[in-house]
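Some structures to go through are shown next.
What follows is a pair of complexes built around subunit A, which joins subunit B in one and subunit C in the other.
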Partner chain A sequence: MSIEAHGIRKKFGSYTALDGVDLNVPQGKLVALLGPSGSGKTTLLRIIAGLEFPDAGSGRVLFHGEDVTDLPAGKRKVGFVFQHYALFKHMSVFENVAFGLRVRNRAARPSDASIAERVHRLLELVQLDNLAGRYPSQLSGGERQRVALARALAVEPRVLLLDEPFGALDARVRKDLRRWLRRFHDEIQLTTIFVTHDQEEALEIADEVVIMNKAHVEQVGTPQQVYDRPASPFVYQFLGNVNVLKVPALEGAGRRGLGPEGPDPEGQIYVRPHDIELTAHDAGSSGISAIVRHIHAAGPQARLLVEQVHSREHVEVEISRSELTNLGLRVNDLVRLRLRQAHSFDEDYAI
Partner chain B sequence: MATPRTSRTILPGFGLSLGFTLAYLGLIVLIPLSAAFLRTAGMSWHDFVEAVDSPRVVAAYRLTFGASLAAGLVNMVFGLVVAWVLVRYSFPGKKIIDALVDLPFALPTAVAGIALTSLYAPNGWVGRWLAPLGFKVAFTWTGVFVALTFIGLPFVVRTLQPVLQELEPEIEEAASTLGANRLQTVIRIILPELAPSLLTGFALAFARALGEYGSVVFISGNMPMKTEIVPLLIITKLEQYDYRGATAIAVVMLVASFVLLLLINLLQKWSRRYQAI
Partner chain C sequence: MPCAPPGSLLPNTLFSLVPTLPQPTSSRTLNAAQRRANRDPAWARWLLTGVALVFLAFFLVLPLLSVFVQAFAKGGAFFLSAVTEPDAMASIRLTLLTVAIAVPSNVVFGVAAAWAITKFRFPGKSLLTTLIDLPFAVSPVISGLIYVLVFGAQGWFGPWLIEHNIRIIFAVPGIILATTFVTFPFVARELIPLMQAQGTDEEYSAVTLGASGWQTFWRVTLPNIRWGLLYGVILCNARAMGEFGAVSVVSGHIRGETNTMPLHVEILYNEYNIVGAFAVASLLAILAIATLVLKSVVEWRQTGNA
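Take a look at the complex of A and B:
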């Protein structure tokens, strides 16, 4: 089931949450809505679910070409998973999952036996079958979220929508659960949108990432596309670490790959820490001269903070541990910087 | 060697605070109540049964417990509606209505009784419209019930308000995405979540109604066998210097109330069985 949204606008009082947003999610994909808080991503998800409605006269929501804009949530056949689980506290895990089937009208309601069978199959799918009799308060956060997922799937939704599904979990569980979600999605092949503010999460598991900022969509693309070719300074800065350097700072060196004319001399260029090469500062070398100010070597990569000699601007550089050992760098050593890859947004000038 | 401790807790002062609690309850609640028991202990079993089993006393028990139960139940339903409206919607004058809910707490009950009586008497503002319909409120069972409902309302509303405020809107949204209609959401999701506090509110309103005296004596007319409540009967006995008879009636009332409140507490505990300890 593909999901389309066209020209969605939503205001809460004087605050604009969505300002003419378009979205297109192809059948069977796992798509991340990524953005900082207040970017409108959750509002967009809730509008797709039918928990909010776009402002009058603006925008349509289509499921597989069918206009569902005016349908209430219950009629859209969506599975929605809330950040804080929203489980029914007074019901056992089993009853939580069965709820969507039990509230169907008599004609559509399966028999008790087939409800039980379906619930157990779903609980097996989320690996919680042994906890069917527990109450939500007796489960861990990760378990609760999987119950919420099973509950959402019980109604055989056409699409699955997850609002910050791992937001309330601790780092370790988060990581496990998001990989699990990816495998799970590959198994059930249900068109899925999840909202997150965690770029690592989005880049790791999504087929496609929709980056939102200030009520607009900034860029849509595969994780690799958005990471390697950010469409705007915002995306560059939001996805991973980046150094923003003033062009004059590059004077004399490091212009490799900047093209014949180079960017606007007053402009800025964007460089990722791992796209900077460090070399020893000796007579034959070229590049921006800088002084090592800090070395942070805990972790797989060494992170260095260097200060450019001319502009006194600080630059973050990431190199491998072995490279660090080879260079034999220490704090206050002189080095040269060379940019392997850089990016400028001046006059649409991409490097 | 230090004495082995079975369990360590970082919350200090258990011994002190429990000791204080018991002493305080003893002083304020238990000693006065046991005085009633002691006084009746001086009676022979035969006298005791005679004092509490006369038709007039039994009729009073029936009226007090029946009307209190009915008032508690009605308050549970309408208190829920009032609390719901006050929590869920915003409208002009909400603060005033919110404050009005507390009036039955603050008003001297005798004032409430007189006001209700003048309203519902056959020549009162409301009573004159009800009388031609053959509907008498003042000086009947209904009058007692109306007075008890009046004084019990705040208990239910004030118990429910914070719980309703805490109710996550997400659980209702979750129910709606799962295809539940509004009625199903209310019956299957909201009411079960509110059940423990509904029961608390009911128990408070019920207990308050059992002991209510001031507002009822005016509107009930105090006809023996018909509209005479137990607290009034006790006062009557006291005025006749029948202290033993009065305490005997009180003891039965006490025990019955205690058993009922205990049952409600157990029911309430059962209704929150899903909560983690």
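Take a look at the complex of A and C:
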């Protein structure tokens, strides 16, 4: 089931949560809505679910081409998992999962036996069948999360919507669970949208990432596309570390790869720390002269903070540990910087 | 600190290298030190407890005891005749009738108001929240007078009511109205903070799973608020039985007709029928004590289920 949203606007009082947002999620994909808090991503998710409605006359929500904008949440057949799971505290795990089936009208309600069978099948799917009799308060965060997922799936939703699915979990469980969710999605093949503010999470498991900022969609693409070719300074800064350098500072960098006209001399250049090459400051070498100010070598990569000799601007550089050993660098050593890949947004100019 | 994961050798080997810390020579010195550090001196504890108990004895236990002592001052037979005398029986019936109407109405109003305030955004919400407290804020006498001014013979609806031969003031409907008004905040006040703390996610969850509004209320909201609701009902009930001021204004004190138990107690007392007054009062006291016990049980269940 594909999901489309066109020109969605939503205001809460004077606050604009969504300002003409378009979204297109193809059938069977796992899509991340990524953005800082207040970017409107959760509001968009709730509008798709039917828990909020777009401002009058502003936009449409389509499921597989069918207009569902005016349909209430209960009629849309969406599975929604809340950030804090919103399990029914007074019901056992079994009853939580069975809820969606039990509230159906008499004609559509399955028999008790087939409800039981279906609930157990779902609990097996999320690997919790042994906990059917427990209450939510007796479960760990990760277990609650999976119960919420099983409960959402019980109504055989057409799409699955997850609001910050890993937000309330500690770091280790989070990593395990997101890989599990990816495998789970590959297994059930249900069109899924999840909201997150964690770029690592989005880039790791999503087929496609929708980056939102200030009520707008900034960029849509595969994780590799958005990471390698950010469409705006915001996306550049939001996805991983980036150095923002003034163009004049590049004087003497050898202008490697720069076209004859070059970028706007007053503009800015975006460079990721791992796209900078460090070389020894020899007589014949070229590049920006800089002084090593700090070396942080605990971790898989060595991170260096260097200061440009001319502009005194600081630049973060990431190189491999072995490269650091080969260069034999120490604090206050002189080095040269070369930019392997950089980006300028002045006139959509890529170096 | 969690213990080291199994298989990790480091902590054990480390611990064997670290010299053991000097242990306190006796546990008694440790306890004494603890006591000094986090407890008040003994005399302060005794003094404070003593003051509280003496205060309680003088202002609560003694008066309560005197109610029962006075009630039985002329023996059990007199007590029985005082509470089974027709006017007393009428006042008991009227009080129970009032409670039977006022409490359920306030449960419905209270749940509806709390639901509206906590689950929806609408204009005038803060005004409604303030208005709910109004019956607590104004004196009960004024609450009674409001009804006299609206429904009394000289009131706004007075002529119309007389024309249609409907009696509200100095009759049972007025008593029920005044009692309902005075006890209105109890259920709503109890539920609003509870429902606010619980938020709306569970309700939204139920809705996305296809539940109707009615199903969401009965299957999700009500079970979540049941102990708070019961607590509110108990407090509402206690106040409804004991309400004096507002009811006194609208009742007209017609013996055997518009006297509730508190009013009947006052009349007997003013007639120097002290034992009769206390006999009826003791019934109210028993109802109050039963309410308190019930309240404690509910509170205990509530914390047990939190």
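Rule of thumb we're sticking to: the second predicted complex is superposed on the first by the 350 of 351 C-alpha atoms of A that agree within 3 Å, B and C clash if a C-alpha of one lies under 4 Å from a C-alpha of the other, contacts with A are read in each partner's own complex, and residues count from 1 in each chain.
The rule is short, and it goes like this: a residue touches a chain if its C-beta (ideal position, glycine included) is under 8 Å from a C-beta of that chain, and two chains touch if they have at least 3 such contacts.
It should be emphasised that the depicted structure is a prediction, and the values quoted were computed from it without experimental measurement.
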Superposed on subunit A, are subunit B and subunit C clashing or fitting side by side? clash
Applying the touch criterion given at the start, work out whether A:Ile291 contacts subunit B, subunit C, both or neither, answering first, second, both or neither. neither
Pick one for A:His84: touches subunit B only (first), subunit C only (second), both, or neither. both
Which of subunit B and subunit C A:Gln138 touches, first, second, both or neither: first
Taking the superposition as given, does A:Gly74 touch the first partner, subunit B, the second, subunit C, both, or neither? both
First (subunit B), second (subunit C), both or neither touched by A:Val103: both
Per the overlay, which chain contacts more subunit A residues, subunit B or subunit C? B
Now for A:Ala280: first (subunit B), second (subunit C), both, or neither, which partner does it touch? neither
Overlap of subunit B and subunit C contacts on subunit A, residues 49-51, 72-75, 78-80, 82, 84, 86-90, 99-100, 103-104, 151-152, 154-155
Give the list of subunit A residues in touch with subunit C in this complex. 49-51, 72-75, 78-80, 82, 84, 86-90, 99-100, 103-104, 151-152, 154-155
Which part of subunit A faces subunit B closely enough to touch in the complex? 49-51, 72-76, 78-80, 82, 84, 86-92, 99-100, 103-104, 135-138, 148, 151-152, 154-155
Touching residues of subunit B toward subunit A in the complex: what are they? 168, 170-171, 173-181, 184, 188-189, 192-193, 195, 274-276
Give every residue of subunit C touching subunit A within the complex, in rising order. 201-202, 204-212, 215, 219-220, 223-224
